[in-house]
Each structure stands twice: as structure tokens, then as C-alpha cells.
């Protein structure tokens, strides 16, 4: 007989053996890649994919698990990137960890009041309110010329050295160091988020996604949990923001624009909502397609539009859905 | 050159024209959302298509007013094709997916505009009497902008009559509140949704040819106007016509005044206004989902 | 049916992943071209691309191998331009980068030039921060803001109907606009030209409706406007100003040369715009006229200063590579210093000291065009020419990497 | 001693319509009270006000002599007031087990724990299995709620409301759309519940109401027209008129 007290039907504890092997292969492959190929373009492309993957995953915490659609989640990546950059330029150009902390803390301080206002609404009003706040941040960053550098973006950010407990690891200007640093941080965030999603807190978020009014009727303080879900998503986005400015050495209003925001949303939807690795795959696919198509032809917008329409129509649940689909195929 | 009276006239007329432009673009978006529950991100691109088609018609020798009628119909046909091919299968899907689908549609339309008409800005040849300026109370104001204001008021009146008086209009409005009930009365809902979407596209085309010459006809006009019309329909309340009228006036006046007095921070003020209204009235000024 | 689609789709994605490994033909010299093909400055970008392509075609070979141009779209967005530059240098192994429109993009590339480690020759970046910015960063193209300001102020002083007007300064809100506005105001005040608003108005780049700015100008009573807009917005502003009846009363002086194609679209409303520029097709000397016809026959677009800058810039780069004798970045950079090329608008010499070009300029006014092979209705008539010595800032040795 | 929950001239206005007209209603600690009345009598509105779904225009709601008018829903549930819905309102895509487990977790607390896996909340899982067995749903534990038969969904609806160990449970037409055998099953279940907690049943199925309820309240046009034991109500002239119209 099943051990009644601990097993939950339908959820295996830990990973399925096949998945574990797949993850190990993927991670070791990514870890070895820069040393093998050494081509700096692919190193920076994969770093960018990982950073946007982390951002897409943080949006999935909002969209896939709490059911809240945010149009401009990249605004919080931008705020964190600006905060880290300004800290390094003005406060102290050498302290790396302090700068990252400052960026993340500042973003959370900004995200809290915004979140408090956001959770008072739901559904499409919530989505359009995120557009309003996002555009507000975008315009502020754009107009505050003497601090943020306006339309030219943040210039002249020094590259501090990264050292952990006294051991010197490398300079943050070197793409290889940033690649490894990003790989470690994104993997850590992935497993941390996966753990949180499977925790009682994650279950409460899912209940809110499924049926908000019923969740209130079983005793969940819906607004408080939506706010916590929002703060968690903004925290992850701010980590991605810190990584972004370290990787690119530059951030500008176009990183925080409405079109880039919708791009992140596309990564989540193409990757498949409600599964943490889906948005990561969506980010890899989307960045590759955007980069690949735009080099192919001057009129890349037409093809990007067609690809998006095709995918939304014929692959409703994204890659994650596709994987589920294939699994069902094998079962038949 | 013009005294304080002239400036006041300038500002009021400017804000009225801007509010009118916002209204006519936002109404189309509200119709597609209110009546067929589709938040069409491609609405801005259809607005641009309307302007460009209008330009080509006038450039090929057609009278401006004839183009004023034909261009929206062409955009309506384009809307019909879009609705039948990609929007109809999306009816059952959640709002997030239709948002992304229409976002892809926006990219496609913007790209095709650039492909067909090229990059440079275009200007519509206005008929003679519309080109000069009219001296009003100490300042001379372009005749065309006054004509635009007049046209927008006429169009809004016609739309109100259509929705309130004609049989189709009533069906459209009824189906926005309780779709199930309307389908029980033997009305084929897919036609209603199709009609609503096409009507929204016709309005976008009409807005394009009217407002196009005011601002500029270039490939980027769609994107900018989309965000402003989002601001208007959200403040006015999703799906509510009357709300959109009030919101368009509010945003038009605030933006014109802000641009006149504190030029740089004008847009920040508009977005703060939207955030404040949404914070305390999550459904917007008049938004209860009902469509009146 | 649905299963069939998803399987075919995954095959399609797989093919996409494998397709892009380039097959290397006979070893050409690859040059990366970064121009805006989408966004606000798409038309200028296209003309720059034509100019560079024309130069490559006419130059033919460099160091005995064919020239291979790899064009990328910067969309006038600095982050995208940086990642495209990385792609061109790391993946496609380009030996030099050329092009770029907008100071923001230019400065972002200059910041990453150490990582890229290739020479970067900008053809449409007017910011004064480029003077001696970096040993690998050069300018050979449109006049810098200070040179344009000198030209415009000289032009205003030389014209009685322009001299005693009060000017309302209106710029596009990004680093080039600010730089152009500040330079003009500083120089104008020194020469006694009246300025209405010294903290100049900054309009968002995406502004479409200029009516509130025009009302401000009418309210200010200024009878001159000094505008620093991206080329294809100039005729738009002129048209709307004309709609408001300002054309007769207010004189427009532009910090950048309006694009000929956009002027043609603007029609009569775009008459009477003053401005200093490197070149316009009204300049008639044998090389210029010959170049205009060659350009028109190949691209069927009205020859513009954006195209001619890029053509001359590209010629300077190709000659520098030949002079350097190798594709090594340091050698090309050394060769670029002091190189000069006799093009349609006279000799263009890249100063050995601050890596930026010096060349003559012309004061122009737009008016109805005489009959011309390009079918242009409006053209920039040349009123005056200014020799390089008068315009250019004095050349000092300023290799200060950390600046700007 | 006043009952567990009572309302003092509670009214609620929608525009001009007076949905609830100063209703004084009283329920004691256990037992089954039924509310009956023709359609549109304001039964569901009354429940919505008491359980905080909509705000009351005036009047007071007291629970254990503490004024709880217009307090947010989740606090009411924590105090022990819980309800079901006329139209099924379940967590569709979550499994039956998860539907109950999350309700139990919300009651017992622990939703705040971010790092421990939900499997670790042993007491919550044990209670959930116990409840499933009590309702005979343990075979369908892994099924998503939306794949359940309609009758089972109604049972699950009641079970979720029960998971929070409520002191007072409002059931809004639990037998709507059920076959006679299922209605019988639900009626026994409700009777069994009413033994230890107080249950308020809103129902149209007259013979079931008459059979199992201890007290009955009749509502018409928002106000109470009579209260009493099933026998008193059965032969009460006013009730018969309210239902069958004047001719009766």
C-alpha cells in the first residue's frame, strides 16, 4: 500500500532519473563550451541567452504560477542594471558584490510600492498597469539625462574585479569570467525557484492562479501572496539586471522599452508557461531567431512576425507543451 | 507674434485636436476589445496602413474625400482576412496568447509597410481650401486641423447612431455583455465577432487617413499611437465608449499642457496619471465590462 | 494532422540551428558595415550603405583580395549595435568597422573597442566627444557639431536677413542634439546673435505631432529657429511649421543637412531651410558631377550627403588598409592617421592628432530645384563655401581614453 | 446566549433594488438551518454579504458577538465561516488531492514556508487523505478536478469548504443538477456534518429540506416572511402563497 503519510499522487519527489542525466549533460556541456570553442561571439550570445532566460523564468513565476500577466517585466531588469552601473561609477568602482547588492536592493525597494498598487487589480487591468509603470520608468530613465545618460544609455562603467572570500577570480570585463559567473548564478536561481515553486508558498500561488476568488474563500490572503509572488519575480529580474550590465557594460532605455518587454513575454509563451525550463528554452530560441533573422534580411520584422504567429497558432503550449505532447505520443 | 489670447486659443485647439485623434484611434481598439474580446496589438499598424493607403490613393489622383471613404474599407478588408485566418482560431485561447499573436501581427504589418512604401515620411496632398490657415482670435490656425476636429465629431456621432439605433449595432452591444444569451437568440456569434473585429479595423483605417496628415506618415507612426491609445482605453475603462471619450479629452489636454509648459517631462506626467487612476479605480473611470 | 505539424516544425527548427556555418570562399578582406536599416533613421542608413557599397565596388580589391562587406542593422539602438559589432568581429572575423549613424551608438561602440580590437571609422557621428577619443576610433564623414556650429554662425552673420533675428533652439533629445544645441548657443552668444531659450527645448525622438512646440515658438515671438533633428524629421517639422503659417515669418536654420529624398516628399513647405553641410548635389566640380551620375545610375536614389560621406569614409579606410600593407588592427589604425582622399567635396584629411577629418563645407538654402536628372523638386542651393581651416577645431594631441 | 452568528437588520442595495431588507437571522452552534424562498428572494445575496463576497449597505453581522460586517473574506474563513458556491468553483487544473491539501494548508498555516517541500507538511497530508476517504474520493485523488463527474465535483466543493474546519458552513444549493441517488448521498453527508458544526443550507429541493433540516427560514423579496420547524413551515399559509402564488 502507498505510504499514506508522505506521498502526494501525481508528484514524484525530486527529478525523474532521465531528467537528472539530461541536466547533468547540459550543465557540463555549457561549463566546458567556452574552453572548447573559444569563439567570443558564441560565448557572449550564450551569456545573453542565459540572462534573458533568467528574466523569462522570473516572468514565468508571475505568469505561469501566479497567473499575473506583466507586459514590461524587463523594466525591473533595467532598474537593477542602472543601479549597479551608477553604484560602480559614482560610489566605488572596485566593490563588485556591494554593487550587485545595491542594484538588487534598490530594485526591490522600487518594486514594493509598485507591487502594492499592482496587486489591487487583476486580469487585464493588472497587465495594462504594468505597461503604465513600465513606460513611466522608461521615460524617467530617458529624460534624466545627466544621471542616466538619457538615450545614449549609461556610459563609462568601470569593470571591477570579482573576488570571493579573498580569492581573486577574474575581472568582470573578461567575457569568459562573466560567462561562468552567469552560468553559476542562473543555475542556482533555477534550482532555488524550482524549490520555492514546490513549497507550500508555491502551492498557494498556484491556487491563486487557478481560481482567485476560491483561494480567498479557503483562507489565503490573495493580495499578500500576489505581492510576495511579485517581489520574488522582481528579485530574480534584478539579479538578471546585475548580470546584464556586467556582461554588456552598457544599459539604455531601449533595454527597458515596451517592445523589449513584449519580447520577454514571447519567450515565456513560446517556451511554455508553468514549467520553469520552458521559458529558458523560449529565451534561447527567441534570441537566436531575432539575431539570426535580422542578419539575414533587411526586412526581418516581416519574418519575425510570421514566426511568432506560426508558433502561437500551431504550438499552443510552447516547447514545454511540445515535450509533454511527445511524452504522450510515446505512451500511446 | 500672437498675444496671450492667441496662445490660449492655440493650446485649446491643439488639445482638442490631440484628444480627437486619441479618441478616434482608441475607439477602434475599444471596439475590437469590447465586442470581440481581442486586445489587438496590431491596431497601431492598421492605423498606419490606413494612412499609407490613403496617401497612395490621393497620390494616384483620387479626391481626398473619396480616399477618406475608400481607405478605411480597404483596411476593413485586410482586417477581415486577418480575422478569418489567424484571429478566429484564437477565440478559445486565453488573452495572453491573443496578445502575443497580435504582437506578431504588428511586426508583420510594420515590416510590410516598410517593404511596400519604403522608409521616407509621406505627406498627403490636401485639397486647396484645406491648406491655408484661418485667423481666429489673434492666431492663425491650420484649416486642416479644424476640419479634422469636425470630421472626428461627425464620425463619433455616426458611430453612436450606428451602435444605438441600428439592429446590428444593438446585437453588437448586447453580445459584449452576455455573449451566451445572444447566441441563444439564434445569432451566429462568429459573425458577430468577425463584424466587431472588422468594424474595429475600419475605425483604425479611418483614424489613419484623418490623423495621418496631422502627425507624420512614416513606418513608426503605428507603434507610438498604439501606446497612447492603450493609455486612453485603460483610463477610460476597458470596453467602454463613453469612458474612452472622457479619457481621450483628459489625456489630450494634460499632454498638450505638459508639452507646452514642462516640455521635457510631458510623457512622464501622462503615465503617472494613468498609474494613479488605475491604482484607485482598477477598472478605469467607467469600466464595468459593459459596452455603452 | 496536429502531430504532423509539430514534428515538421521541430525538424525546421533543427535545420535553422545548423544552417548558419558560413562556407569560406577565396580569402576576401571582410569589413563590417553598421548602419540603421530600421527605426527613425532608416533612410539615412540606407543611403550610407549605398555609399559604402559603391566605394567597395569602385575600389575593387584591397591588398590584392576582394572586399567583402557584411552589413548589420543597428536600429539606432546602442545595445543592438554593440552585439552586432561583436558578431561581425568575433564570428565573421571582420578587420574593420565602418558606418554608424547617431552619437549614442558611436559612443557605445567606442567604449567596447578594446574588446573588439579593430579600427572603427564612423561616417555619420557628429559628437565632439570623438576628438582624440581612442587610438582605434576615427571619424571621416559628416561635420562634427562644433564645425557645423561655426559654419552656421558664419552663415547667419554673412546673411543680413538672418543676422538680427532671435533664434528659438529646438533639438532631438539625445547626445547629438544636446551637443549641437550647446555648441550653437555658445558660439551665437559670442557673436551677438540673440537666443530666445538658452536652456533649449529637447523633443523626444518619436515626436510625431509638433503642434505644441510650434505654438511655443509662435508664443515666444522668435523669428528664427535653430533645429537639431535627425535628417528625415527636418522636412516633417518644416511642413507642420508651414501648416501653421510660419514659413514666411520664421527662418529655419538646421544643424544637420536634410535628406534630399525627404525634402522631395516635403515639397514647397521645405523651402528656405538654411544649413551648413559637407556637400549637396548642387556643388558643381567635375569629380562631384561625375560621382552624382554614377551614384544615380546604380541606385536610382537622389545622391545625398549621407551617401557621399560614407563613400569618402570607405575610400579612406580602403586606402589605409592598402597603405598599412596588412589587415592588422594597429597597422590599419596607424595608416588611417593623416590619410586623405580627394572626393566630390574636396580633400578629406583625417587629422593625425585627433583622428577626426577636416574638410571644406558649404552653406546651403533649400529652394525649388532647377530641372535635374534625379527628378528632385527641392534642392539645397550652395550659397557660400568655407575652407577647412576656418571650420575645423585646432588639432591637439589628446589621446585621453577615459573621456566620455 | 445569542446564537453563533446573527445579523441585525442587514440590508444591501443594488442601485434601486433592495436585495436584502433588514434581515435578522440567527444561527446557533450546531444543527441544520435551511433558507428557502422563490427565485430572486435574495438567498444567495444574503450568503454573499455574510461571507464577505459583497459589502453590506447597512446593518451588522455578529459572529460570537463580534462585529464582522465587511471584513475581508480570508479573515472570515480563518474565524471559521466557510461556504460553497452554486456554480462549481474549484481549482480546475489541480488534482483533487491538491484541491483539498491547499485548503487544509491554508487553514493549518505553513503557506509561508518557502524552502521546505510541500510533501514535508505531514499533518496536512494525513488530514487530506482522511478527508478523501471520508468522502469516498481517494480513488480519484490524482485526477485533475475538471475531469471529475459533476456529482463528485459537488462533493469536492463541499469537501474544500470542510477542509478549513469551519464552525459554520453555508451551502449554496449543493444538490443543484444532481440525480436523486446523488442527492440522497449528499443529504446524508450534510446531516452527518450538521451533527458537530452549524450548517446553513440554501436549497430548492423541498422534500430534502423538510426531511433533514432542524429549522427553516423563508425569504421573499429580501425579507424574512416566516421561521420555524419544518412542520410549522409546511402548513404556513404565507409560505404556500409565496411559492404557489395567490390561488393556493
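Going in written order, the chains are labelled A, B, C and D, and every chain counts its residues from 1.
Quick note on the criterion: a contact is a pair of C-beta atoms (placed from the backbone, for glycine too) under 8 Å apart; a residue touches a chain by one contact, two chains touch by 3 or more.
Quick caveat, the model's predicted, so the values are computed rather than measured.
Colleague: Based on mean C-alpha positions, I'd like to know which chain lies farthest from chain B.
Modeller: D
Colleague: Please compute the C-alpha centroid of chain A, do the same for chain D, then give the distance between them in whole Å.
Modeller: 42
Colleague: Report the inter-centroid distance (CA atoms only) between chain B and chain C in whole Å.
Modeller: That pair's centroid distance is 35 Å.
Colleague: With chain centres defined as C-alpha means, what is the inter-centre distance between chain B and chain D in Å?
Modeller: So the centre of chain B lies 48 Å away from the centre of chain D.
Colleague: Chain C: which residues touch two or more other chains?
Modeller: As it turns out, chain C has residues touching two or more other chains at 38, 173, 202, 204.
Colleague: Counting only residues that touch at least two other chains, what does the list for chain A look like?
Modeller: Residues 143, 300-301.
Colleague: Of all residues in chain B, which are in touch with two or more distinct other chains?
Modeller: Correct list: 114, 223, 264, 267.
Colleague: What topology does the chain touch graph have (line, ring, star, complete, other)?
Modeller: Graph shape here is other: it fits none of the named patterns.
Colleague: Who touches whom among the chains?
Modeller: A-B, A-C, A-D, B-C
Colleague: For the complex, which residues does chain A have touching chain D?
Modeller: Listed in rising order, the residues of chain A that touch chain D are 4-11, 13, 195-196, 198-204, 206-207, 210-211, 213-222, 225.
Colleague: In the complex of these two chains, what residues of chain C are touching chain B?
Modeller: For this pair, the touching residues of chain C are 38-40, 42-43, 46, 173, 201-204, 206, 208-209, 211-213, 215-216, 218-219, 221, 232-233, 235-236, 239, 243-245, 249, 259, 261-262, 265-267, 269.
Colleague: Show me the residue ranges of chain A that touch chain C in the complex, using the header's touch definition.
Modeller: 39-42, 44-45, 48, 142-143, 145, 149-153, 155-156, 173, 175, 248-252, 254-255, 285, 288-289, 291-292, 294-295, 298, 300-301, 314-315, 322, 325, 329
Colleague: Touching residues of chain C toward chain A in the complex: what are they?
Modeller: 2-3, 5-6, 9-10, 13, 16-17, 20, 37-38, 72-73, 77-80, 82-84, 86-87, 89-91, 103-104, 107-108, 111-112, 115, 173-175, 178, 202, 204-205, 402, 404
Colleague: Show me the residue ranges of chain B that touch chain A in the complex, using the header's touch definition.
Modeller: 39, 41, 86, 89-90, 93, 95-97, 99-101, 103-112, 114-115, 223, 227, 230-231, 234, 238, 264-265, 267-268, 271-272, 274-275, 278-279, 282-284, 287
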